[in-house]
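First up is the structure itself, then whatever we jot down about it.
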Amino acid sequence: MSILLDRDSRILIQGITGRQASFHTERMMEYGTRVVAGVTPGKGGQFHLGLPVFNTVEEAVRQKAPDISIIFVPPLAAADAVMEAAAGGLKLIVCITEGIPNLDMLKAKRFLAELGSSLIGPNTPGLISPGQGKAGIMPASIHRPGPVGLISRSGTLTYEAVYQLSRLGLGQSTAIGIGGDPIVGLKFVELLEMFKSDSQTEAVLMIGEIGGQAEEAAAEYLKRSGYPKPVAAYVAGLTAPKGKRLGHAGAIIEGNEGSAQDKVKCLAAAGVRIIENPARIGQTVKELMAERQGN
Amino acid sequence: MLIYEFQAKALLQELGVVIPAGHLAETVDETRVAAQKLGGQVILKAQILSGGRGKAGGIVAADSAEKAGLAAARLLGKKLITAQSGGRGLVVKKILVEEFVPPGREIYLGLVVDRKNEKLAAIVSQQGGVEIEELSKSCPQAIKKEYFYPEQGLLFFQARNLAYFLDLPEASFKTFLDYLKKLSEFFLLRDMKLLEINPLIIKPDNLLVAADIKMDFDDSGLARQPEISALEDWSELSPEEKKARSFKLNYVKMEGQIGCLVNGAGLAMATMDIIKLFGGQPANFLDIGGGVTEEAVSQAFEILASDRQVKACLVNIFGGIVRCDLVARGLVASARKIDLNKPIVVRLQGTNEAEGRRILGEANLPFYFINDFEQAAQLAVSLSQA
Amino acid sequence: MLIYEFQAKALLQELGVVIPAGHLAETVDETRVAAQKLGGQVILKAQILSGGRGKAGGIVAADSAEKAGLAAARLLGKKLITAQSGGRGLVVKKILVEEFVPPGREIYLGLVVDRKNEKLAAIVSQQGGVEIEELSKSCPQAIKKEYFYPEQGLLFFQARNLAYFLDLPEASFKTFLDYLKKLSEFFLLRDMKLLEINPLIIKPDNLLVAADIKMDFDDSGLARQPEISALEDWSELSPEEKKARSFKLNYVKMEGQIGCLVNGAGLAMATMDIIKLFGGQPANFLDIGGGVTEEAVSQAFEILASDRQVKACLVNIFGGIVRCDLVARGLVASARKIDLNKPIVVRLQGTNEAEGRRILGEANLPFYFINDFEQAAQLAVSLSQA
Amino acid sequence: MSILLDRDSRILIQGITGRQASFHTERMMEYGTRVVAGVTPGKGGQFHLGLPVFNTVEEAVRQKAPDISIIFVPPLAAADAVMEAAAGGLKLIVCITEGIPNLDMLKAKRFLAELGSSLIGPNTPGLISPGQGKAGIMPASIHRPGPVGLISRSGTLTYEAVYQLSRLGLGQSTAIGIGGDPIVGLKFVELLEMFKSDSQTEAVLMIGEIGGQAEEAAAEYLKRSGYPKPVAAYVAGLTAPKGKRLGHAGAIIEGNEGSAQDKVKCLAAAGVRIIENPARIGQTVKELMAERQGN
C-alpha cells in the first residue's frame, strides 16, 4: 500500500488550463495517474489535454467524482480554490501554489477543519506513491516503489534525498512535500501517524528545515507514541542566519524559535537518527534499516 | 517586508494612535531645525531596517538643537552593525528627530501571526522596552497572549483580558482598548506578519504614546497592498540584492568564501550546511527558484563571481522543473562577460544533465564537474582555502 | 424591521447597484410631474410595508403623465389588503413612480439568515418575479443556495457557483459577482434578516437592474444601526400599535372579539389558542413582557378596551418577574379612566396573586375572577358571544 | 439525577452587579444553588451579595472554578460575554439576555462549537433541577422534584405547564427554557438525547411554538432514535398569523415554514402525544405516563 494516494485515486486539477498546470498534468498522466477532470472558471465545457473542463469544482465533482484535487491557481485566488475544493467534498487537496498570503491560509485551514478535508501544501511539489500515481510536480523518474516513507518541507532537496535512496535500491512508499510556507496543511505528525499503519512503509525519512515548530512537534509525537518504525531526519539550515528568510516563506528563524540546532536536538532526543551530511541521506537510512532488521 | 520606524509611525498616526512629535531629517541642518522646532530636547533615532539599534548606538539623546546637529553629524553615513543586520551593517541615511518623552511606565504590545497555533496572537507585557522573546523565556508570567481568528478579529473580551493583565490606570483603559481594536483591524486589513509597539509609554497624564514601533508585512500579501508595497525602500538593498530581487532570485549575503548557486531553498540550505561540515564558509544563500530564465542564471552567477570575498563557487543543480542545460547556458553566458578567475565546481543532476555538462565542457572555462554531492562540496571547500 | 421599497432602492443605489430611474410622489400632481420627467411611460408602485402588492392592485402601469395622474388618484389613500398585511389593510400614502423597464430575463437574488443551518444563505433562481418559497416547493431544482459564515462572508467561489447556476450572459457575469459581494457585505454590516431583489432584470444590453427590492432588518440589531433605525416610518402604525410600541408592549391586532392581555409570548399564544379551541376569536396578541410597569399595563388595557370589535377581555397573568398586584393596579387605573362597559375575565396566578385579587375586588368593576385557565377561557368566549 | 445542573454545580454570574442579575442571583442562592462568583468588568475585587466579583471570566475561573455561567449582560455585549465564558473553559453557558443580534449569535455559536461548550438560550428563563439548583429566573416555588423532563421555547407558558404538573403531583427532573430567539444553543434534539439517559426522567414534555424548525428536527430525531420514553408536546400559536412576530424574535411564521400545524403534524407522526388544550398540559402528561405504566 501507500498513504493518501494510490492507483485508484481520481485526480482533479484546479486551474488546469494554465501553462504550468498543463505541463504537469501531462506528466502526471504519463505516469499513469488517473486525472479525471479539470476546473477553470470560464472554460467549462471545453476539453483540455483530453480532459473535460468545468467552471466549478461542484460541477466537476458531480460529473467525475474525483477524490484528490491539485491546485495550480494564482496566489491571491488559491485559498479560495482550496475552500472550493473542500466545499465540493474533496477530502484531500494538494496546493502547489507558492506565495499565498498567511491570512488567507489561516481562514482556509479553519474552513477545511470544519469540513474534515486535508490539505497538502501550499508551496509544495505535492506527493507521489511511486508506481501508483503522482499528484504533484516532482520528476517521476528518480522514484522507485519501496519501503521508505518520506515527508519533507523542501522541494529539490527531497529530489536529492529520493535520488540517493533509489540509487541504493531503497524505494519509497509515498513521498510527500508538506510545503515551505509558514501555514501549511498536514505536517510531520499527521503523516507519521499515517505511515505508522501503512504496511508498505518500513522506515520514515523526514526532511526538515529552519523555521516554525513542526519538527519539534514531530519529536514530541514520536516520543509520546513510542513510534514503532525507524525514523531518520535531515534538517536543513544549520548555517542559516537569524531573521533572514531563506527562499521559502516559512524558512526563517524568528526570535528564539526555529533554529536547525534546536530541531535536531529535539529529534535526536526522541530517538530519531539524525543525518548531518545531506550527501549521506540515503546511506544513513539504509544503515538504520539494516540495524533494525539486525535486531 | 519591514518598513522604517518613521513610516510605521505615520501609519499609526493615521489610525489615531498617539506618537511622539517628530520630524525626519536627512542632513545635519535638517536635524538642527527639527530639534529647534521640538524645543531642543530631543531623541535622534537612526532609521535602518533592523531592530537592536539602541545597543548599536543608533539612538542618541540631545538637549539642544546644537548638540542634536553634532550628534547627527556623527550618525549620518555611519554603518550600524546590529544583532540582526548581518555582518556588513546598515548605513544611516535618515534620522527621526523626536521630542523627548519623559520616563513613565513602559509596556509592550504586539500582534503576530502565530504559526504554531495557526491563529493570530495579541501579546502584552508589563515590561516594555525589552526583547519580548527573551522575556518569554526568563519570565513567562510577565507576558499575556490572546489568540484570535483572522476572520473574526480580536474579540472585545480578549482585549479586556489583556488590559486587565496590564493593570492599566483607569484613565488609560479605554484608550488601550481602542488602540488594540484599531491595530488588530489594521493588522488584518494590511496583511501584516508582526506589529510591535515597544515600548508603549503611559505618560504621567495617562496618555498612551507609541514610542517605538516595528512593522513587518507578509511578502505574499504585498500584491494586494499597493500602499504598503510603495513603502519599500530599495536604497537599503546592496547592488547585489537589488539585482537579485529584480531577477526574482532568493539571495542572502553571508560572510564566507564559497559562492553558492543552487535551485530550491532546501537544497540551497543543505549546500551551505555541507560546506560548513567540511570546514568551509558559504558566501551566500542563493536559490534560483523554479521558474528561472537563462538570463537570471547568468545574473545570479555574476553576483557570485563579482563578490571579492568569494574564492570559489559551487553550483549545485537538481534538475526538475529547472533544466540543467538552461543553467549551463546561463553560466556560460555570464562567464564570458566577466573576467572569470575563480574555480567553479559544478554538479548537475536530473533533467537534461548530460546536455548541461556538454555545454559547459565546450565553453573552455575553469569548471570542475563533479557528480557526487559530497565530493563537489569537499572540492569547493579545498579550492576556497587554496 | 421592513423598510419601503424606495428606501431600499436608495440604499442599493449607494452601493452601486443599478435601479430603475424613479421619483417618490405623495400627490397626484407630484406623480404627474414625475411621470413627465421619466418620459411618460411609467410604473406606479404603492409604497406599503408588505409584499404581495401586485396581486392587490398596488402596481399600475401608465403610458402617459396624464394617465399616471389618474392612476395615482385612484391609488393614493386606498387601502391595500395583501396576503401579508392582515385584514385591516395598509393605506397608500406614497407612490414610487418608475421608468418602464422593458421585459427581459428576470432572476431572483436573495440573502437571508438561515435558522436551520445557522449560517447565512445566498439564494438565486433563474425564475425571477415569483415567490421563492412557492418555487422551492414546486421546483426546487430551479433554486440554488450557498451557505456562509457571517465572520467570513460570502466566498468568491460561492458567488461564482451561483452565477454559473444562473447561466448569465458573459457581459453580466462580473456585474453579478460584484452585486453579490456588495450586497452580502451590506447585509452583514447592517444586521439584516432578509434582502431580496426580485426580479433582478437582465436588460437586452446586459445591464442588471434591481426592479423590486425587499429589505428586512434584525430588530435586535437596530440599536447599533442608527441610519437604519431612522428609516422607520411610524406613520404606518395604527394609533394602538404606536401606543403599544412606546410602552414596549408586544401587540398584534387580529380580527376577533376577545381582547387578550397576557404576560409572556408563549402564554399569550396559548391563550389565543385556547380561545379558538372553545369557539371564540382573539382580537389581538398582547404580551406585556417581563419588565412591564403599572402605567404600561394601564395603557395596554386601554388599547383592548377601546377596540370596538372587542366584546370581552381575558387577562391571563402567570406572575413570575411580573407581580400580580402590579398588573391589578394597572387594570384598575385604566378602568377608572375609560368607560368600561365590557366584561373582563381575570386569571391571576403566581407572585402576589392574592394581593392582586384583593385590589381588583375592591375596585368594584365588571371583573370575573377565575383561577382555572380553561374555565377562564370558556367564560371569556361565552361572554364575547353574548 | 437530573441533566445539566445538579447540587454540585458551581455557578458564575456574568454581569452580576446589574439590577436584574442581583435580584435573580439572590433568588438562586435562596434556592440553595451554589453561586460561587460574579463578573463585572471594572468591579473586580469588590464583593456583591457576599460573592467575589472579578473583572474577567478568566480570573473568576482561576479562583473559583465554576462550571456553569449565567449571563445577564446587555444585548450588544452579550454574545461577547458568551464567548468569554467559553474561552474561559465553561462548558455550560446560560444566556438570559433578550435582544441579541442574530449575527452576533451566529458567530458565538461557531466559536462555542469549536471549544465544545454548550449554550442554553439566549432569551431564556434558564433551567432548574427542582430541589437541586436553579440557573435562571423562573419562580422556584411552583417546581417539585419528579420524573418529568421539560424542554420549552417559552417562559411563562413553561411556568403554567410546571404549575399544572406540580398540582397533579408530577414533579420535574430538569426544566429547561431553550430560548425564544431565532438562533439559540441547545434545542429539543440535544436535550431529548440527554433526558434519554437520565434515570430520573420518565417522560418528557416539549413546549414548542411557531417559527423555525426545531420541533420538526425533534420529531425526526424521535422517530429515528426509537425514543424509549413517552413524550408529550404542546405547540403554541395555532392561531398565529403569517409574517407577524408574536413577542419572541423567533416566533414568526416565515414563508411556508414554522406553522404550529406543521409542527404538530410532524410530532404526532413521530409518536408524540399532542396536547391541544394548553390548560390540560399536566393532565395529558399524567394520562400518558399512566398508559405507559399500564402496558
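General observations
Just so it is clear, A, B, C and D label the chains in written order, and each chain counts residues from 1 on its own.
Here is the rule we go by: a contact is a pair of C-beta atoms (placed from the backbone, for glycine too) under 8 Å apart; a residue touches a chain by one contact, two chains touch by 3 or more.
None of the values given here were measured: they were computed from a predicted structure.
Counting C-beta pairs in contact, the pair that comes out ahead of the other among A-C and A-B is A-B. Compared with subunit C, the chain whose C-alpha mean position is the greatest distance off is B.
Distance between subunit A and subunit C, defined via averaged C-alpha coordinates, is recorded as 55 Å.
Centroid to centroid, with C-alpha atoms defining each point, subunit C and subunit D lie 28 Å apart.
Centre-to-centre, using mean CA coordinates, subunit B is 59 Å away from subunit C. Shared interface positions of subunit B, defined as residues touching 2 or more other chains, are 149, 151-152. Residue numbers of subunit A whose C-beta contacts span two or more other chains: 107. Remark: subunit D residues 41, 44, 55-59, 77, 80-81, 83-84, 87, 107, 111 touch subunit B in the complex.
Against subunit C, the residues of subunit D that register as touching in their complex are 75-76, 99-103, 106-107, 109-110, 125, 137-139, 142, 152-160, 163, 180, 182-183, 207, 209-210, 212-213, 234, 236-251, 255-257, 260, 276-280.
Put simply, subunit B touches subunit A in their complex at residues 83-84, 86, 113, 115-116, 118-120, 132-134, 137, 149-151, 188, 191, 193, 218-221, 223-224, 250, 252, 254, 262-277, 282, 285, 287, 289-290, 318-321, 349-351, 372-374, 377. Interface of subunit C with subunit A (complex): residues 152, 155-158, 160-161, 164. The residues of subunit B lying in touch with subunit C in their complex are 149, 151-153.
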